[in-house]
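First comes the structure, then the notes that go with it.
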Amino acid sequence: MSAFSPAGLLALSGALLGLGLFGILTRRNFILLLISVEIAINAAVLNFVYFAAFSGSSSALSGQAIAVVLIGLAATEVAVGLAIVLGLNRLRGSINVAEASALRR
Amino acid sequence: MVGILSLTLLTLLLTAVLTFLSGRYAKFVALAGSLVFLAEVGLMIADFTQWAGFGAGGVPQYNYSETYPWISLAWLHINYTVGVDGISLILVLLTAFLQLATVVYSWNESKSPALWFGLVALTGLGCFGVFVALDILLFFLFWEAVLIPMFFMIGYWGGPRRRYAALKFFVYTHVASIVMLVSLLALAFYSGASSFDFGSLYGPARTLMPATQVVLFLGMFFGFGVKFPIVPFHTWLPDAHVEAPTGGSVLLAGLLLKLGGYGLIRWAVELLPTGAHDLAPLLYLVAFTSIIWGALVALAQRDLKRMVAYSSINHMGIVLLAIAVGSSLGITAAVLLMFAHGVVSGLLFMVSGSVHHTFGTRDVSALGGITPRTPALATMVMLGALASLGLPALISFPAEFTALLATWDQLGYWVVVPLLLLVVTAAFYLWMMQRVLFGPPKGIPPTAHDLPRVELAGMAILAGLAIIFGVLPGLLVHVIVSSPISGWP
Amino acid sequence: MSLAEFLPEILLLAGALLIFLFDVLGRRRLELVGGVAALSLGGALLLVVADLGVSGLAAIRTVPAGSVDLPLAPSLYAFTSLGFVFQVTFLLAGLFVAVASLSRPSDEKGASVFFGLLLIATLGMMLVAVASDLIFLLLAIEVTSLSTYLLVAYPRRDERSLEAAMKFFIIGALSTALSFFGASLLFAAYGGTSFYALGPGVAFVGFPLLAEIGYGLLIAGLGFKVTAVPFHAWAVDVYDGAPTDVAAFLSGGSKKMGIFAFFLVFLGPILLLRSAPDALPATFGASLQLTLGILAVLTMTVGNVLALRQKEMKRMLAYSSISQAGYMLIGVAVGTYPAIAGAAFQVFAHVFMKTGAFLVVAAVAGLGVGPLIEDWKGLGAKRPALSVAFALMLLSLAGVPLTVGFVSKFVLFSAAVEAQGFYVWLAVAGLLNSALSVFYYARVLKAIFLDRPDPTSPVAGPLTGRIGLARSAVIAVAAVAIVGLGIYPGPVLSGISTAASHFVGIGA
Amino acid sequence: MSVLTPLLAYAGLVPLLTFLSFVLVGFLGNRLKGLEWGGWIAVLLSGAAMVVGTLVAVAEMLSPGQYTDVSYTWLTVPGSPGTFPNGVSLVIGFLVDPLSALMLLVVTIVGFLVMLYSIGYMHHDHGLPRYYAELSLFLTAMTGLVLADNLLEFFLFWELVGVCSYFLIGFYYEKPSAASAAKEAFLVTRVGDVLFLLGIFIYFATYATAGGGAGWAASGFKFANGTQPFLGPLVGTNTPLLTVAGLMILGGAAGKSAQFPLHVWLPDAMEGPTTVSALIHAATMVAAGVYLLAVTSVFLGFTPDDQFAIVAIGGITCFFAATMAVVNTDIKRVVAYSTISQLGYMVLAVGAGVTMVGMYHLFTHAFFKALLFLAAGSVIHAVGTQDLFKMGGLRRTMPLTAGAFLVGALSLSGIFPFAGFFSKDDILGSVFQAAQAHPAYWPFFLLALATVFLTSYYIFRAWFLAFGGPAPRDASLPTAHEGPWVMRVPLIVLSGFAIAAGFFVFDPAFASLLPGAGVPPTYTATDLGLSAVSLGLAGSGIALSYTLWGNGRIAAAPTGIAAQMRTVLLNRYYFKVGYDWIGRRAVYTVARSADFVERYVIDGTIRGFEKLFSRGSDLLRRAQTGIVSDYAGYVVAGLVGVLLLILYVGPAIVQSMGGG
C-alpha cells in the first residue's frame, strides 16, 4: 500500500468542497445555494468512499456505510431547505437571499 | 451555635432587607440596625483581650472564628470562614461608626428613603464582610457586594454627571477586583493549598518561590491598589466623590478605600512576605507618587469635594508607604491611619456636603466669611481640616507620626518627601479655610441657615471620634497590635 | 445493546409520534399536545436523573450503573455521567420551554408542529450526549439542526421567522458540509471515526496533516453550533427572528449540545498530547488548545462588545449569549477536568439564566411591550415580581455574587487558574469580559427600575395582559434556582465535578 | 526637700486648670455676658494656674536639680527585630526640672497678667468667648509644652500652641489681612515643624535602644529617667546624622522663634489683638523655640557643627531683625522686630554653649517685652491707630503708659540696672568668651554687639514718636486716656518685673532654676569692659534717636544710597515677596500643571478607552449586515483563520514558549 498516494483524490475532493463553498459565497439564489451545499457534502462522501478502501476494521461504521447515510442526509437537508424556500417565496415572492435582510445589526 | 460574627452579619442583612421593605420608617429601622451593629462590635471589642495567636504549624488563628464547609470538590475547597484579629476589629469598629454617622447625617433624605437607607446598610454589610471573611470566595463575594450599593448611591442620588461617575467607579474598581481575584486564585492553586481558607493558604503561600510571590503580589497590589487609590489608577475617585451624594462620599472615602488597605495587608503582605519585600521599592515609588500627586493636585482644586478627594489620595499614599515599610510599627501605623482617615475624611465629606446644600456651591473661591452666619458648620470645617492636616490631639497625628517614624526607620532621608508634602497639605487646607471661613462674607444666600440638627449630629459622632482617639490613640493601638502582623520582622 | 438503556430517548420519540398522530387526527389543542410534550420531557428528565445515580431513584434507572463511565470502546455510543448531566440540561431547557409555552393561546396554529419538533430536537441533543462516534455525533446534531430549522420557521406566516430560518439553514448546511468533510479527513488519518480511535493511547495510522486539517474543519463546523466567533453571525438574527420561546430553547439547548460536541471531539487530541506526546506532531495538542483559547477569548469579547450598544432586548440577549459561549469554550480550551466541570456547570446554570431570560422577554412581549430596551422603562414598578426575576437572571449572567452565574464563573475561572500557565490568561480575559458585560446589563436594570416610562409606552398604561400560570411558574422556578444554587451550589456542583473527572478518565 | 516638694508631682494641674477654663468658656461663654463673656472665669482660672505654677517653681527652687516626672502611656507598639526590638512606647507626661519650672513661672505669670489686661483691652470686641477660650487653650498647650517629658509630647503641644496662635492671629477674621497673616504664620512655622519632626525621627531611631534597660524607645523617649537625664548630652559624638538631627531641631526652633530665614511671619502676626502679641508672640510661644534648643542641649546635646549653625542663625537674626525695626512706622511691628532680634540673642547664647544664659534672657525678655506690647496696646486702645507718625505727645495724656513703655525700652536697650541689662550683658560676655575658643563665632559676636546700638536707637525712636513732642501729629486722633484698672495693673506689675527680674539670679535659690555656666553673671575686668562698651553703644543709640526724633522732631527722609537701603528695609529685604513667589507662583504653577495632566492625560486615557469600546461596538455591529452570504463568508474566513492557527501560528507560538 506504500505506492498508494491519496494526493490526487484529496485534490479532487478539496476542489469539490472549494466549489461548493464558492457557490455558497457567491450565489444569491436559494436553489443554487442548495446545490452548492450538496456539492460540498459530496466532497465528504467521496473521501469516505475512497479512504474506506484501505482502512482497517477498527471502525464501527465502514466508510461506505457512512457514505450512504450521508447521501440520505443530504437529501433530507434539501427537503428542509425546499420547505423553507417555499415559505419564503410565498411570502416575499423572491428567493434571493440577499433581499431577506430585515434582521441585522 | 451561631457565633457573634455570623450574628452580626445576620443583623446587617436583616437591617438591609427590613429597611428596603419599611418604606417611610426606613430610617428608624436603619438607625436601630446601626445601633445594634455598633453594640455587637462594642461587645466584641470589650471581650477582645488579645489575638488568638498562632496555632499548630504556625497557622494564625482568629478570634470569634467560625468555619462551615461550603463548596467541597476534589480540587476546590471553599468554606464559610470568618474571624477577626486586632486589625480587622478596628476596621469593623470604623464601619459601625461610619454607618451610624451616615444614617444620622442623612436622616432627612427624601428621595426614596427606603432604598437609600437600605443601601447604606448594605454597604455596611459588605464592608463588615470583607473585614471578617477569611476565605477567598467569601472575601471576594463581600468585596464585590460593596460595589453594588455604592454604584446605586452614586447613580441615583448623585450630582449632574452621576451616571458617568457611577459607571466609571464600578468598572474601574470591578476590573481591579478581577485582577485581584485572579491573583488570589493563582495564589491558592500555585501554592497547592488544601482549601481557600486563609489558614490553609498561610503556610503554603509564604513558602512560594520568590518569583511567583512577586508576580502574585503585583496582581494583588494592582487589585487592592485601585481601591486605595494609587496614582495613576485613581481618576475614578475624584469623579465618584464629586458626583456622589454626601452619605455616599462618606462611605466611599471612609470605608471603601480602607478595603484596599486592609486587603493589601491581610491577603497580600501577610501571605506573600517575600513578594512584598522584593516589591517594596515599587510600593515606595507608588506611595511617593500618590503622596506628591494627591497633595499637589489638591492644591489646584477649587471644588471642596475634589480637594478632599485628592487629599484622600495623599493620605492613602501614606498608608501605602507605611504598609510598604512593613515593620510592626509601619503596619500598626497604617491601620491607625486608615481608621483616622476614615473618620476625618468622613467628617470632611459631610462638611463639604453641608456647605453645598447650605450655600449652593462648593467652589472655594465663590465663598467667603461663612463663620458668622453658620458658626457650627464653620467649626466643623475647621475641625475637619485641622484633623486632616495632622494636628496633634486629633486622630491623624499619632497615626502619621508613627507612620513617618517607621518610614525614617526603613528609608532614611526619603521621609523628607512625605514630610514636605505635609506642608502642602497644610497649605491647601489653610487656603480653603482662609477663603471659606474668613474674610468678608461672600456668596452667602440670604436663606442660608446653620447646620440642621441631624447633620450636626452626624458630624459630631465623627468629630467626637477624632478627638477621643486623638487624645487616646492607645485605645486603638492596643487592639491593632493584637494581630499576626505585629509578630513580624 | 438493550432498548431499555434508551428509554428516555424512546419516551421523547414516542411523545413526538403521539403528537403528530393527534395532529393527523385533528386534535390540535395546544394544551393537549403541549401536555404530551411536557409529560414526555418530564418523564425523560426523571429517568436521566435516575441514571445519574441520584439516590432514591434507583428503581427507575434504565442504564445499569456498571455500564456508565466505562473507557470508550469502539462503539457508536457510550453512557457517561457527564453526558447525563448534559442530558439533564437539555431536558430542563426543553421542559422549561414546553411548560412555558402552555401559556400561549390554546388555539394557536402549528402547536403540534412546535411541540413535536421540540421533542425531536431534544431527542437529537440526547443522542449527542451519548455519542461515542464522530459520525453518530454529527448525525445526532443533524437531527437537532433539521428540527430546529423548522422550529424557527414554524409560524409560517411570519416573514421574520422565515428569514431567520433561511439564514439558520444556510449557515447550518454549510457547517454540516464542513463538519463531514473534516470527519472524512479524520477517517482518512485514523482509519476510523470512533472517539476510541481518536482518543488517547491509540496508534495513529498516518497523514498527520489530514488530521490537523480535519480538526480545523470540525472547529468551524461545530463552532457554528456553539456560536463561536466568527461562526456566530447567524445567531443574533435567528434569535431575533425566531419566536422568543424557540430562541429560549436554542440558547438553552442547542448551543449546549455544541459545547458537549466540542468536549467529545477535541478533548481526545488534547489529552493525547498529555499522555503520549509523540502520537501527533508534538505541538498539535497545544496549538489546538491555543486556537480554542483564542476562539474563546474572541467569542466572549466580540459578543460583549456587540452587546454594549444594542438597543433591542432580544438581540442584546443574543449577543450576551454569544459571549457566554466564549466562557464555556474556556473549559474546552483548558481541558482539565475542573475546567470541564466549570464549563458544564456554566452550561447547567445557563438554562436558568438565559432560557429564563428569553422566557421573560416572551412574557413581556405578550403584555404588549415593544422590543426595544427603552420600551421596558418603568416596568419595575408595574410588574415588580417579573422584573425582579428578570433582574436576577441578568445579574446572574453578569456574574454578580449570590447568583448561580457567579458560582459558575468562579468555578470555571478557578479551574482555568488551577491549570496554571497560559490558562491563567484565559481566566483574566474571561473576568475582564464579565466586567465589560456589566455595562449592558446595568443599562437594562437602570431602564427597568430607575427610569420612568415614556408617556406613549404601553408600560405607562394599565398593562393588563396576562402572563399565564405555567409561564410564571417556570420563571419563578428559574429565579429560585438562580438564587438557591448561587447560595448553596454544593451537591450539584460536586456531582458535576465528579462526572467531569470520570469523563477524562480519572477515578472511573 | 521641702514641704512643697510633693507638689511637683501635680504640675499637670496647671494645664488642667487652663483647660478647664477653655472648656467652661468655650461651651458656656455665650451665656456669661455678665462675666465679660467668660473672661473673668479665664482670669480666675489662669490666676489659679499662676498660683500653682509659682508654687511649683518655688518647690523646684527649694529642691535644686530635682527631676519629677509623672507620665501616662499614650500608645505602645510591640517590638520587631530591627531598630525597635523592644517596641515603641509613646508617653504623655509632666516633667518638672529647673528649666521647665522657670518657663512655667514665666508663662503662668505673663499669661495671667495678659488675661487680666484683656478684660479691659478687648471689652468692645465681638466674639469674646472665642477669644478667652482660645487664649485658655493656648495657655494649656503652652504649659503642656513646658512640662513635656519627651520630644513627641513637646511636638504635640508645640503644634497646639501653633494652632492657637493661628486662631488668635486670625481673631479679626473678617479682615482679609488678618486671615492671611494667620495662614502665613501657620505655614511658615509648619515648615519648621516638618524639620523638627525629622529631627525627632533621627533621635528616636538612633538612640532607640540606648540608655539602659529596655532602651529609650520602650521607655517612651523620655528626657529624664526619674532623677537624671535619660541619655545625657551626646557630648563627643559628632556624627553627620546627629548634626543633621540638631540642624532639624534648629529648623523647628527657627520656625517657632521666627529666626532667619523663617522670620517673615512674626511681624505679620501683629494682625492679632495686641494682648495676643504680648503673650504669644513676645513672651511665650515664640520663646518656645529657644526653650526647645535649651531642652535639646540639656538632654540630647548638639554637635559642634550644630552649635556653629545656631550661633550663626542667632547672630544674623538679631542684627537682621533690628535693621528692619529701624525704619518701621508701626508701633507693634517695631516691637515685633525687636522680639525677633532678642530671640536671636537667646539662640546665639544657646549656640555658644551657654544655654542657661539664653534662658536667663528669655526670662527677663518675657517680662519687658510683654510690658512693651501691653503698653503699646494701651496706646492703640487709646488712639485707635498703630502708626507712630500719627501719634505724638501721648506722655501727657497717658503718663503711666509712657512710663511703662520707657521702662520696657530701657530694659530692652540694656541700660543698667534694668533687667535687660543683666541678661543681655551676660550673653555678650559669654559669647565673647566662647568666641575665644571658637574664632568662627567672632563675626556673630560683633553683629550682636552692633545690634545693641540699633536696638536702643529704634526703640527710643518709637518712644519719642509716640510719647514725645507736644501733641499727636494727626489731629483727628481721639483724645487719649489711660485704660481701666485691669489694664493698668498688669503694666505696673510688669514694669516691676522689667526693673527687678535681672536681680533674681543673684539669689542662689532662683539661680538653681538656671543651672549652668554663666548664671549668675560674673563680673571680671573683661566683663566690665564689655559692659561699658555695650552701655556706651546703647547710650549712643538713645542719643542718636533723641537727636533725630526727640521733642517731636521728624528726621528728614534719607537720600541716595540710604534711601535705597530704606526701601529694602521697608520691604523686609524682599523675603516676603520671595516666599510669596515660591508659594503662589512656583508651587501653585506646579500644582496647576499637575491638575492639567490629571484631567487631560491620566483621565483622558481612561476616557479614550471608553470611546474605543463604544466605537468598537458600533463598528463591529456594522458587520452584522443581515445578508446571509456575508455570514457564510465569515464562516469561511474563520475556517481559514483556524487552519492557519492550527497549522502555522499555533506551532510557532507553542515552540517559542518552549514546547508544550
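Things worth noting here:
Letters are used for the chains, namely A, B, C and D, taken in the order the chains are written, and counting of residues starts over at 1 for each.
The working rule: a contact is a pair of C-beta atoms (placed from the backbone, for glycine too) under 8 Å apart; a residue touches a chain by one contact, two chains touch by 3 or more.
Predicted, not measured: the structure shown is a model, and the values here were computed from it.
Traced through touching neighbours, the fewest hops from chain A to chain B number 2.
Every chain gets a centre from its CA atoms, and the centre nearest the mean of all protein CA atoms is that of B. Using mean Cα coordinates as chain centres, the one most removed from chain B is A. In terms of C-beta pairs in contact, the better-connected of the chain pairs A-D and B-D is B-D. Inter-chain centre distance (chain A to chain D, centres taken as mean C-alpha positions): 95 Å.
In this assembly, the C-alpha centroid of chain B lies 36 Å from the C-alpha centroid of chain D.
If each chain is reduced to the centroid of its CA atoms, chain A and chain C end up 26 Å from each other. If you average the Cα atoms of chain B and of chain C, the two centres end up 43 Å apart. Touching of two or more other chains is recorded for residues 621, 624, 626, 628, 632 of chain D. Shared contact sites, meaning residues of chain C that touch two or more other chains, fall at 166-167, 170, 174, 178, 236-237.
All chain pairs in contact, by the document's touch criterion: A-C, A-D, B-C, B-D, C-D. Across the complex, chain A meets chain C through its residues 6, 10, 13, 17, 20-21, 24, 30, 33-34, 37, 40-41, 43-45, 47-48, 51-52, 55-56, 58-61, 63, 66, 69-70, 73, 76-77, 80-81, 83-85, 87-88, 91-92, 97, 100-105.
Chain B meets chain C in the complex at residues 70-76, 137, 140-141, 144-145, 148, 151, 155-156, 167, 170-171, 174-175, 178-179, 181-182, 185-186, 188-190.
Touching chain A in their complex are the following residues of chain D: 621-622, 624-629, 632-633, 636. Only residues 613-614, 616-618, 620-621, 623-624, 626, 628, 630-632, 634-635, 637-639, 641-643, 645-647, 649-651, 653-655, 657, 659-660 of chain D touch chain C when the two sit together in their complex. Chain C makes touch with chain D in their complex at residues 166-167, 170-171, 174-175, 178, 209, 212-213, 215-217, 219-220, 223-224, 229-231, 233-234, 236-237, 273, 277, 281-288, 290-291, 294-295, 302, 305-310, 422, 436.
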